[in-house]
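Next come two complexes, and both contain chain A; in the first it sits with chain B, in the second with chain C.
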Partner chain A sequence: MSLLEVEGLRTGYGLLPVLQGLSFSVEEGTTAVLFGLNGAGKTTTVNAIAGLQPVWGGSITFDGQKISGQPATKIVERGVAISLEGRHVFPKLSVRKNLDLGAWTARKTAKQQLDLVFSYFPRLEERLDQMAGTLSGGEQQMLAIGRALMSKPRLLLIDEGSLGLSPKLAQTVFEVVSRINDDGTTVLLVEQNIGVLPYADQALVMEKGTLTFNGSGKELGESGDLRKTYLG
Partner chain B sequence: MTAEASLAHHARPGTPVASWVGRVIVWLGLGYLVLLLPGAIGGEASLDASQAAIYVLIGLSLHILIGYTGQISLGHQAFVGTGSLVAANVVSTGTSHAAEPVHFGLSLVAAAAAAAAAAVVLGAVALRITGLYLALVTLVFGSVAANAIFSISSLNGHEAGVTALRPASLVTDYRFYLFCLLLIVLVMYVDIQLGKSKTGRALAALQENELVAQAFAVNVMKFKLIAFALSGAFAGLAGALYTYRVQSFSDKNFSGTPGFNLALIFVVMVVVGGLGSRAGVVVASAFFGLIDVLLDLAAKHTFMAQYYSDHKQYVSGLIGALLLLQTVILNPGGLGQVVDPVARWLRGGRFSLHGHGPTSGSRAADVRA
Partner chain C sequence: MTLAFDPTTGLVSPLVHGLFQGSAYGLLGLGLVLLYKSNRIFNFAQGEFAGVAALVAYLFDTGSKGLPKVPYAVAILLGVAAAVLVALLTERLVVRPMFHRPRVVLLVGTVGVALFLIAVEGLVYQDIAALRPIDQALSIDPIFTRLDRVPVLWSDLAKLIMLLALAAAAFLFFRLSRMGTAILAVSQDATAARAVGISVERTSMLAWGLAGLTGGIAGVLLAVPPFSTTPGIFTGTILTTAFAAAVVGGITSLPGAFVGGVLVGLVQEFASADLPLVPGLGSIRGGGELAVAIVLLGILLVRPKGLLGSET
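Let's turn to the complex of A and B:
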């Protein structure tokens, strides 16, 4: 049984449908990457999994339990955390308070997770009492991922983790994500940066709300046409 | 080093000793101004100071909604009015005897509870709306409450007002003023503890970004309702004091144009004080509570005396509007930008207009955000 199973997912905004029967699954312990052009429905997909986007139809199952239709608060408790597109750190709160809010549902393991987050992102420990809004773009991205890790998730969703970062910094983020995955957390990344491909156990490509490719990262890398069409 | 040299060394301007002497002098000055001056002046001064204290309570209560959660309320006078109405009806015996302390205490609790309940009702309606729509809903709520509840004849003393005498221990205006200060201390204590609590962290997250707060399992609805309830309770308490200040309740203070003006002034004083700045809100609220008295004093000795007397009802509103414009355009952090560094220095911190240190900004939020 897969850790995450999305079956015939339909959702949208107002009367406008975005996802029209999306189906895929992610195995536990893997890193899956969701590629696609702008407007393909990638963010809508991860937001729906996290409970931030109402589901119109179909189902989302996490660890054998249906989570579609449940509020975001319950889904976090079940072990799904998201680092949203655009980072969305709380700019006027300190790094410490941002991380603390990430552990809202996991107070008992907060200390342990904080140490773990510092091991991935030592820079955050140096900036602990700094207001999040004054961090650099890369540091804010670290904070967004670190904050999501504070709830000790089994599935970590990262939406556009490399957006706006220099190629070198993006590479650093991918390497840390790979370490997070090695430590046992399943990761679903939304990306447009092809640099993540070597780290992808599973690659998914979306176009206009549907899946057009589902295979290994290596297969996508070798598939010249697909790569050219969707990844440039 | 000799004793004189040591003393000279420690007394150098900017040294900790000199700073602490400065702080003690300012604390003593503030203590005199707030605690003793109204009593020393005599006459109406304690009543005027009580009004400022009540406005401070109202400012702090509204600040919980606007400053902590970003929920604007243009109907706050309804909560203050509810507290005022309930306190008057609980304590009123129809006689000219002073209130029993137990009845007085009960009236305060009942006022806070009733206003909190009214605020939760409004909060439940307003849970899913923000911005302009929320402002409209609260405006309508305030207006409907004023016209429907406050005008119930049996509750408003058949339009003649409800007498609500203070207990014997608070019969002098100065003692009543000190009681108002005591309640401010109580409310501020709760407010500060709230900021440090889990609820405070949730409210801070809500204010910054509801969606993100929700993504980390913060129950947006629950904490918004808590904010409305607390805000309502404090406003109700202020409403009870509003009644006891003049020892009667009149529905006319909270309905029609006076009620609407109050609602606007309450919002203006919080914005001018600075969202996120408790100290700024306290200073701005006290100023708006005293504005008529201060203008009276200022105009009395100038050639504007007659003009002011003829247009009195518009002048304070005009000043409020100008201060609001000044805040929104030039000083988006409000008075808090100036008051917070002073308050921080008074608590023993370093005086800096640029926040706690090089990496942090003022807590006062940009009202335009």
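Let's turn to the complex of A and C:
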């Protein structure tokens, strides 16, 4: 049984459908990467998994339990956390309070997770009392991922974690994500940066709300046509 | 030239009256700041939360309109509870369905709530309702002390103490409690708050409940002689100045609600008093309001975030 199973997922905005029967699964302990051009439905997909987007049809199952239709609070409690596209840190709260809020559903493990987050992102420990809105873009990205980790998730969703970062910083983020995965957290990344490919156990490519490729990162990397068509 | 200035009490009289009148503005302003801080909403129904509390407390205290006469303290509690209930219903029936609309839509929504509550109050009770002040209920001397022959009433002192206590409690709630931080988080980014598992609906209910609580406490403290309550009187007479006080203090600052309220009260009273320094000032009709307007506009121009506010 896969950790995450998405079956015939349909959703959209207002009357406009975005996902029209999307199906895929992610195995526990792997890093999966969802690629696609702007408007392909990648963010809608991870937001639906996280409970931030209403599901019109189909189902999302996490660890054998149906989570589609549940409020985000319950989904976080079950072990799914998301680092949103655009970072979405709480700008007028300190780094410390941002991280504390990340443990909203998991107070008992907050201290242990905080130490873990600092081990991934030592910079955050140096900036603990700084307002999150005054951090650099890279630091805000670290905070967004760190905050998501504070709930001790089994599945971490990271939406466009490298967006707006320098190639070097993006590489650093990918390396940390790889460490997070090595430490046992399953990761589903939404990316447009093909620099993440070496870290992907599974690669998914979306186009216009449907899946057009589902294979290993290596297969996608070697598939020149696919790479050219979807990743530029 | 009119010289109504009383040389026997000097500056003490406007000081005392300004302080207590300012407490009234601060009490209503505190609820305004609470909701702005948590929901980014200017709540025009805040005055009627106070009005509902005052009316319900009065009806139960006097046993009017077929309601049972209950002990004073119970009547006060029922009044405050009614304000909290009305605030929660406002959140559930008006604010939540429009939560993602532009804030101006919500602002107008709260105007609608205020008008609705005024109408309901009018249907229930059209007469003047003045609550018994605390000294009457306790059968004690209404005067707590005299400052340079100016009487300081228990009922006025209660306003000031309650304002201080509520402002401090609300400040500590937002500064130290997890739920307070969660409310701030929702106000800054509701999507991110949802993403970490915070129930936006629950925090919104809590913020409105607190606004109802402060409004209710304001109502039962303010609707005592020489003031009284009639339908819409809080909105018509205090709310506008309370808004000014909240903005002067800093619309995001809870201590600012106290500072702004007291400052506006003092400015109003001093400008209304016929002081020897400015002979005849007291004879200008609306001199107090004029002075408040000048202070408000001056602060908006020089320091738009208010005296203690941290953002515009």
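Just so it is clear, the second predicted complex is superposed on the first by the 232 of 232 C-alpha atoms of A that agree within 3 Å, B and C clash if a C-alpha of one lies under 4 Å from a C-alpha of the other, contacts with A are read in each partner's own complex, and residues count from 1 in each chain.
In this section, contacts are C-beta pairs under 8 Å (C-beta built on N, C-alpha and C of every residue); 3 or more make two chains touch, one makes a residue touch a chain.
Here the structure is a predicted model, which means the values were calculated and not measured.
Three-chain overlay on chain A, with chain B and chain C in a clash. In the superposed pair of complexes, A:Leu128 makes contact with neither chain B nor chain C. By the touch criterion defined above, A:Ile194 lies against neither chain B nor chain C after alignment on the C-alpha atoms of chain A. Using the contact criterion defined above for the overlaid structures, shared-chain residue A:Leu163 touches neither chain B nor chain C, since it reaches no partner. Of the two partner chains placed by superposition, chain B and chain C are both touched by A:Leu52. Judged by the document's definition of touching, chain A residues 50, 52, 71-73, 76-77, 81-82, 84, 88, 90-93, 97, 100-102, 104-105, 147, 151 lie at the interface with chain B and also at the interface with chain C. Within the complex, the chain B residues that touch chain A are 201-202, 204-205, 208-209, 211-219, 276, 359-361, 363, 365. Taken in their complex, chain A has these residues touching chain B: 50, 52, 71-74, 76-77, 81-82, 84, 88, 90-94, 97, 100-102, 104-105, 127, 129-131, 133-134, 147, 151. Residues 50-52, 71-73, 76-77, 81-82, 84, 88-93, 97, 100-102, 104-105, 147-148, 150-151 of chain A are the ones that touch chain C when the two sit in their complex. Chain C makes touch with chain A in their complex at residues 178, 181-182, 184-185, 188-189, 191-199, 310-311.
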